[in-house]
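Inspection log for the structure reproduced underneath, given as structure tokens.
Chain IDs A, B, C and D follow the sequence of writing; residue 1 opens each chain.
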Amino acid sequence: MAGTEGATRKLTMDDIRAAAERLKNWGRWGAEDELGTLNFTAPSDIVAAARLVQKGKVMSLALAYDAKGPQGGKTKYPALGRFNPIHVMLRTGTDAYSGVLDHRKIRGADDIIIMPLQCGTQWDGLGHIFYGDHMWNGYDCRNVTSAGAQKCGIENTREKMVGRGVLLDIPRLLGMDHKAERHFGVQVRRGDYLIVRTGQMEAKLAEQNWDGYSGGDAPGLAFETLDWLHAKQVAAIVTDTWGVEVRPNQTDEATQPWHWIAIPIMGLTVGEIFYLAELAEDCAEDRRYEFMFVAPALPITGAVGSPANPLAIK
Amino acid sequence: MAGTEGATRKLTMDDIRAAAERLKNWGRWGAEDELGTLNFTAPSDIVAAARLVQKGKVMSLALAYDAKGPQGGKTKYPALGRFNPIHVMLRTGTDAYSGVLDHRKIRGADDIIIMPLQCGTQWDGLGHIFYGDHMWNGYDCRNVTSAGAQKCGIENTREKMVGRGVLLDIPRLLGMDHKAERHFGVQVRRGDYLIVRTGQMEAKLAEQNWDGYSGGDAPGLAFETLDWLHAKQVAAIVTDTWGVEVRPNQTDEATQPWHWIAIPIMGLTVGEIFYLAELAEDCAEDRRYEFMFVAPALPITGAVGSPANPLAIK
Amino acid sequence: MAGTEGATRKLTMDDIRAAAERLKNWGRWGAEDELGTLNFTAPSDIVAAARLVQKGKVMSLALAYDAKGPQGGKTKYPALGRFNPIHVMLRTGTDAYSGVLDHRKIRGADDIIIMPLQCGTQWDGLGHIFYGDHMWNGYDCRNVTSAGAQKCGIENTREKMVGRGVLLDIPRLLGMDHKAERHFGVQVRRGDYLIVRTGQMEAKLAEQNWDGYSGGDAPGLAFETLDWLHAKQVAAIVTDTWGVEVRPNQTDEATQPWHWIAIPIMGLTVGEIFYLAELAEDCAEDRRYEFMFVAPALPITGAVGSPANPLAIK
Amino acid sequence: MAGTEGATRKLTMDDIRAAAERLKNWGRWGAEDELGTLNFTAPSDIVAAARLVQKGKVMSLALAYDAKGPQGGKTKYPALGRFNPIHVMLRTGTDAYSGVLDHRKIRGADDIIIMPLQCGTQWDGLGHIFYGDHMWNGYDCRNVTSAGAQKCGIENTREKMVGRGVLLDIPRLLGMDHKAERHFGVQVRRGDYLIVRTGQMEAKLAEQNWDGYSGGDAPGLAFETLDWLHAKQVAAIVTDTWGVEVRPNQTDEATQPWHWIAIPIMGLTVGEIFYLAELAEDCAEDRRYEFMFVAPALPITGAVGSPANPLAIK
């Protein structure tokens, strides 16, 4: 992970192209695969993950979805058109109280949500980012049309997002990030859901001000972590920031260069805007940084992302 | 469970009022409680549920969220204004291919969902149904306004919906529904998530026609099951139908009389439109009708329901 | 009109109640009326208004509907949940270019809008504001449910909003607002659409900052103008501000006291957030402050407001 | 106009290409033009149109926008993803009645619309249809991205859609459609808004069933009318059908071949789903088939269509 000060040398497009060659997983799980690194988690990993449940404690890693969410804050970067969830009612308790529902012979409330799929705690699907004219596994990017993603839609992941979660709690390392695994007494393994806490979200929550969060500068993973993630064979990577990778970008030639490689080239599923405060506190308390992780995406056909209520169960 | 032929005697409002008195759980978990029967699941139940994971198999109980969902079919009953999810794109692979995103120096897709929270596989929140001017735990129904539910919003459940799931597979009982527990070698216990398969959804899927499903006649739980559910102390009840309870209604004086009691009076969380085919097949195969159940609602502040991708893990 | 300094004496609820008694038009056009002061415009007024078209010039009084609209600016007052229009595409030219539409044998684009009906240039319908438990013409306010306005929906106005428009251009009066009619050589008459320019919108557009506009302090009509409007029998009143009336409110006991009387008591249709710069310039140039005014609301069934593209035709 | 029986010879792509060459108006109003045939209406035409207002009668040509609109009916053709308007409330009279708004010191209702811009009575913008990789005036179709139309957005028309309307009431001709102008004693002229009634909408309204309307077979303009429209120099063409042109298509090689030429090649603005019953009755009564026509589109930035409440004023 890199701090906000950025890396020492600016990346070039040649660095990005070289990484693409070096880290490409296309075809690794067959020409028809739409799941990428989620394939790394084996059934036996899931059984083992369930064994980590020892005190019966469930922790949600989701921010509430509402008008106070992280969209709409000011940043110096261009906006993406995302907005906080708009929640409206189709029937209400005030309708009930007013008697206007009684012709139905039942008094009830009902509601609608209007939300960008990546406005809050969310999974990036493998259709979210392209490399040139291609997406994960070499599919043509024209598979993602105004009608949605015909390849790599998030609905393919409906029986994934279950495994061992491992928390790397960077602020508690006091800068010794290169030794994160050893420090926490936890070894990152194939098929893990790796969860990295930077503390940035909690800082914003404490300020009650999201300015600079969505799309802004952030601590996060440096481009150089891609090789390590590739070698470790994690199923997915998650952070408490807007976009996982360090910002400002480590290059002027590409925006979010880590994304260019992670999603379309490696097929890495990425989780963003996860709320990690409660989990971090619990791990610090019992000194156990591993847990069962269950974080299903909604199977929205053709979606390139999904909100989620990810659970860490210990 | 009653078949679609309905019960022998029509219920009256007196029956409903008597059930309300008999089964009322208001105050059982304190005057401030907003969770109801979800409180029945203890941490030790969650630990035990995790032990049921023995083959590392994850099964999704969600229908895909898309234009082919169960809303919009014809019924003889009044519509509720629900519609299938509308999924639209903010950026696409075709934009990428056309080069119009390149000024951003990243090629990506993004999307929005517009959906009733109860249009597909979903949890009813405790703010969904009122009894007179009250909701769960005696709260005034005017707590559910056009601005959402100020009490019993679904966000309160963000760390619930985890426990032991038990499947009662009615069609496989050949009508011997009163002996369901014995038949499947599984005892329904306090804190369980009880999942009842009627087979109705699969019939509709096979027909490729949802007419008569949403709001229509259905097999389901009779009013008389409320006492049993109350005694069993289940955490939640789930079915593969639109509305859990048997339809036509067992009375002309109320619509969905089971709902009148289950949600506002007992505080019972209810799951509807669950896809149970794969789970049922698996249970029939390994003869194990219990599993770890993890089905988090999205913590949408003030919502009276939530879509979910419920997982059965064995 | 009052400036932002407010009136000298604070209004009391007694003032509001007295005005309600004095200015009540309930029943004036029959017990079934849903149009209020729009009834003042007679067919002969429309014929006369058309005669004002002498140079064939059409001027739009609408702000563009887009993400740069007036919602979302900061104010010191509570927000109302309105947001700028969200415009999304169902099919695009980039889809066309990418070839993904060609199976349809036609290349086209299509789109969707998501917008509060009062987020930009807009008509308030007569279902928008209540006085106690009543709306215009004495209808019970419970006619406006989550299912929309069963009385006084904006669709009732579908053949109205046509007549003589008269511009009162306050900034050009240099504060001599009490003599506005005389100054502009125009007499406000029964059935007119009275359009009052304060210049506030243009100031915000010049600043490129809407802070303080929506819901904020503004020049506008004082409570005392209600008697004059009642006597003049105008069809509707329109301004270039967010809410027509002067803000801060002239009382601590009510928010927007002018609205309390104008809409539910007088049945006055109100237009807000009109763009008047071009019209004002034209009127100053040819010294003609009257014109044909055609500003149809969209007939959205049960709506309490409507966007519009109001036209002044000279 | 052709009946539903279709034309005698099937069109070929060569016919379409020839028409494109013959009827192309690109550059006619300059390389920067985004208005096309709307330019044909001169200020003097607007003055003359206003003189047609002689009885002060306003007729709306809009269908109500609501859940009973023309979308959702069954057809044998592929759907386009359009749906009827979804109207939801932000605050209601039932909220008011329940007292939950009183902390605001004002009781009011507010609402939101979610609607495809072409779901009901509507204008097609010039960004709606492409010819190959081009749109009106030769602009690259990649100007219409997921972010909207950067060229030919409907907002460009904000001061258009005003002029003389002329009704051709086909059903009243008893099939003598080739003599329509003479029959009605009205000469179609440069800059006119030509309104063609087929009676199809009224038939559907009478049946209370929209099956077969949206996207279905319909009476309408044959491909061969394009030359006549080009010669006549009308500003726009409007019908009471879903898509103006006759269906089934007159060719198997293209869908809606008339659209291929009318919009991108000729720059013709097209109005669809207009409600013409009241206007037709009035014209038959007073034998005057011309009137002032005012039908402003909403200036939604980047939109390729717009709902409208078009008015005929006589």
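Keep in mind that, in the parts below, a residue touches a chain if its C-beta (ideal position, glycine included) is under 8 Å from a C-beta of that chain, and two chains touch if they have at least 3 such contacts.
Source: prediction; values computed, not measured.
Where chain B touches chain D, the two copies mostly use the same residue numbers: shared numbers make up over half of all numbers in play. Taking A-B and A-D together, the pair of chains sharing more C-beta contacts is A-B.
Averaged Cα coordinates give chain A a centre that lies 45 Å from the centre of chain D. In this assembly, the C-alpha centroid of chain A lies 27 Å from the C-alpha centroid of chain B. Touching of two or more other chains is recorded for residues 81, 86, 88-95, 97-98, 100, 112, 114, 142, 145-147 of chain C.
Interface residues of chain B, counted against chain D in their complex, comprise 67, 72, 81, 83, 86, 89-92, 95, 98-100, 114, 142, 145-147. The residues of chain D lying in touch with chain C in their complex are 42-47, 49-51, 53-60, 62-66, 68, 78, 80-82, 85, 87-94, 96-97, 104-118, 127-133, 135, 140-146, 148-149, 155, 158-160, 162, 253-256, 259-260, 292, 294, 296-305, 307-311, 313.
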